[in-house]
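To keep things simple, chains are lettered A, B, C and D as they appear, and every chain counts its residues starting from 1.
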Amino acid sequence: MKLNVTAQLNYVVKSASTIILNIHALKTADQQVLQETFTTTPEVKMEELQNVGGENRFMRLDITQPCELTVNYDAIVNNAYKIIDHRDTKGIAMADLEPAVFPFLNQSRYCQSDKLYRIAGHMFGDISSPFEQVKALTNWINTNVLYLSGSSNAQTSAYETVTEQAGVCRDFAHLGIALCRALTIPARYFTGYAYKLNPADFHACFEAYIGGEWVLFDATGLAPLNGMVKIATGRDAADAPVSNLFGDVYGTGIKVNCELIEGDFKSYFYPKNRFEGITYL
Amino acid sequence: MKLNVTAQLNYVVKSASTIILNIHALKTADQQVLQETFTTTPEVKMEELQNVGGENRFMRLDITQPCELTVNYDAIVNNAYKIIDHRDTKGIAMADLEPAVFPFLNQSRYCQSDKLYRIAGHMFGDISSPFEQVKALTNWINTNVLYLSGSSNAQTSAYETVTEQAGVCRDFAHLGIALCRALTIPARYFTGYAYKLNPADFHACFEAYIGGEWVLFDATGLAPLNGMVKIATGRDAADAPVSNLFGDVYGTGIKVNCELIEGDFKSYFYPKNRFEGITYL
Amino acid sequence: MKLNVTAQLNYVVKSASTIILNIHALKTADQQVLQETFTTTPEVKMEELQNVGGENRFMRLDITQPCELTVNYDAIVNNAYKIIDHRDTKGIAMADLEPAVFPFLNQSRYCQSDKLYRIAGHMFGDISSPFEQVKALTNWINTNVLYLSGSSNAQTSAYETVTEQAGVCRDFAHLGIALCRALTIPARYFTGYAYKLNPADFHACFEAYIGGEWVLFDATGLAPLNGMVKIATGRDAADAPVSNLFGDVYGTGIKVNCELIEGDFKSYFYPKNRFEGITYL
Amino acid sequence: MKLNVTAQLNYVVKSASTIILNIHALKTADQQVLQETFTTTPEVKMEELQNVGGENRFMRLDITQPCELTVNYDAIVNNAYKIIDHRDTKGIAMADLEPAVFPFLNQSRYCQSDKLYRIAGHMFGDISSPFEQVKALTNWINTNVLYLSGSSNAQTSAYETVTEQAGVCRDFAHLGIALCRALTIPARYFTGYAYKLNPADFHACFEAYIGGEWVLFDATGLAPLNGMVKIATGRDAADAPVSNLFGDVYGTGIKVNCELIEGDFKSYFYPKNRFEGITYL
């Protein structure tokens, strides 16, 4: 599957500022970035940061003059995923869990799993299959949390969303992650471009670690699971923000697009009563 | 300086459980672990985990039978630090900050710097020297937050402590970190053994990234800054917990000790009106 | 039914202090206080406050000297209640609700119903009978919230308990109240002496306004509903605290007792599949 | 001073609903409502509620049909206040406080004074005069909290505002009240019409109980203290909401006006270094 993803971000820069963006398509074994351009108007000094605690691709912009800044990203991505049947997948005992996965069991800024273990246990603790647990909690979020623009902000966390039950994709993802971790299932935040997401925007989902695979779940149900281009993963949105602004600068607009340019596409969502999980490397 | 550190932890294990401990002295360029023993009674399967997102030394215990478990750690550590004058150290512009340090600017579970930037700015934003900023906020915590055992718990975060103003060393550290990050100063959590801490216990402090060095601060003022043996660093206590328990198991006691066995020791705290900062590699 | 209730409270008073106690049995149409004594050792100036925003009986103690203070309350109360079948009781339209009841629909310190309306609606909104709604939410609390001494404190509110799911009687009551109000059912906090509560202590429950009656519910299930002696009602524990301390004074112990001295007693709890509600005037 | 106050509120009513409004000028010894009209288009059933736990004037509208509803209130109010010098006013000992004032010491939904007593004590506890304490905390709020529309919502409380330091008049008032109560100074919420408030809107301030008088404070500093027409007082905004909506109904606009129609007016704010307090009966 070949996808063309684009993003345009606009800023008003009032004085010398630094912007760190995390909008580049990730490069992985299964996700090749065939071509990409990243430009700004006016031109500013920029640097792709290595080694920010993971594989995510951060671009740092150093703007020395006040200006109206436009950032354009355009990439063609060749993308693949696998679908695995988790019917017989058992939970991983703590004694056997890969050490690299441990951080994704930790409570984090937006996913206070330490406060949710009783509620998670009461709702989903009796389900023995980890895939079914995550599917059940994803469905619970989808059914109970209202998708409502403006109902949450950059400080909203899973602890609030589990009770107040309104939010946007980021909040749905955080709640999914927090409930997984509260059930001792490692989980991480996923941001990406999403084909057929309407209206087009950056999207946030989550991945749960099941049977040694990072399986994708989207509690919003707003985009097919098989049309994602991964930008970043992290513990939560604090690790994978679209943008971080330092200085007297603010955003004025975002335009995102994701188009299929090669390959067939049939929208795929998890079917009921089946145990297929989709994994993007 | 040579220190002998010991820890004994007791658990009641009711059924098969996993315990992950983070009590080993860290091995760094300046901190050599000359000898160490880690034993349990009864003997259980154990493994030192590599690659848990950093250098921290996690030991995983796999206990398959109900038992009363005693863990003993005993190490001799050769330790050094440097003291640097930060009188003329300037803040690091975001455009120049090392990428590896960025995660320590992020809001985290116990250090919600995103919620504290106005209060931090109003209290300490006018101080131009980053060392003085951190020293001032450390003093503010020391003056205003009451050290009171039992006033906080494992869920208490900087957001609560900044207002409720009571806690233990962990809370003092979290608040220091959150205020630093809110001022755009990278900061991280530090756990260790502390010589002359009274009563003896594991200690928690924080390090702020000033002039390219991780400078140690202890808002509790309870232990000399020059007698620390580093166990771990992390974003906050979620990354560096003394213990994580999985299963039907609970702790019944902790005994910690830290003795000087070679070298002179003169208790060192930051002097007023000076700009010396202590750094442990 | 005639009950003898007693309470002994002990304080250490370090300097001149004021204590306000709310431990007297309320005097109502159905609850007669046949005799009562309220004494302190040493003797201190005391005054029963009138007009503190309701009928609750507050006693103010003015202690001018440091001392160890013992307070003893002993009363014989003749008590009655009614049991009403609410099978056909409909919800009260806002257009018809008695104005005096409106304050018990308001969000309050410990009952943030404004934050719980979606979760309450999702869990109990489809039940049409208000009595069944309150019974269902009371059962839900009883099933999901762990009664655990020490798991909460004087600052714990329904917003925390609904997720963290541990607490004591006060927390169970606050959560019941908050869920009722979120469903537009007026509800208030109830404190009292409770016959057969084990271990003996002050008890907290809640009353929901159903069919023009204040119907008693106890989400803890720890005491029979028909052995209560009402001390106070209010919006939440802020209105009806057992004690309020002003000055350098702290409590060192509480002993409470409640004995039947006349009449038969058969423990009564709400039977399943029936619609009886108990009301104390 | 004679003022003409008007308010127009617009609603879309989708199905049978009840609206409770609290926009009528209060009638007190010093505030006479010379004439007033309250009308709706279309006409709906309405009732002025008595006895909702205070003197506040609630109007209940019973709308049985879907409609676009316009509410108009227009009143001429004759208003007076007194200015009292509190230079020598001492704090009131708890042993002497009027019982009716006690509820205004309680923690409440938006004023969690129980969580703020250490921060309040550290900032303002050393000031001995209660008037100066309240003036100091009012100035602190004015200096540190950013007035920013949209930065808070109907759930925002003093506990958040004290740290996050942004809000609107309601949040400024709640924080003032919470700090007062944390210092054992009774305080209550005040809503009203405010002459020269720009842009015109309903206003919220607070009153502190000093020397037996309810003294008005406005931490926003946005309106002269001598041009207020009191609508309501209460523990916090939960007691005195402009509107409470029950049913499928939402507001679409509010227009408020307050004009001087007789008398001189010289804008009055508390002068520095003086101790005058303004009291509206």
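The working rule: contacts are C-beta pairs under 8 Å (C-beta built on N, C-alpha and C of every residue); 3 or more make two chains touch, one makes a residue touch a chain.
All figures in this text were calculated on a predicted structure; none of them were measured in a lab.
Listed by label, the chains that touch subunit B and also subunit D number zero. If you average the Cα atoms of subunit A and of subunit B, the two centres end up 30 Å apart.
Note on chain placement: the centre of subunit B and the centre of subunit C lie 44 Å apart, centres being C-alpha means.
Rounded to a whole number, the gap between the C-alpha centres of subunit A and subunit C is 46 angstrom. Shown for subunit C are the residues that touch two or more other chains, namely 115. Inter-chain contacts occur between A-B, A-C, B-D, C-D.
Against subunit B, in their complex, subunit D makes its touches with residues 115-116, 118-119, 122, 143-144, 146, 159, 162-166. Interface residues of subunit B facing subunit A in the complex, by the touch rule stated above, are 18, 20, 45, 49-53, 58, 60, 62, 93-95, 99-100, 102-103, 106-109, 112, 114-115, 154-155, 184, 238-239, 246-247.
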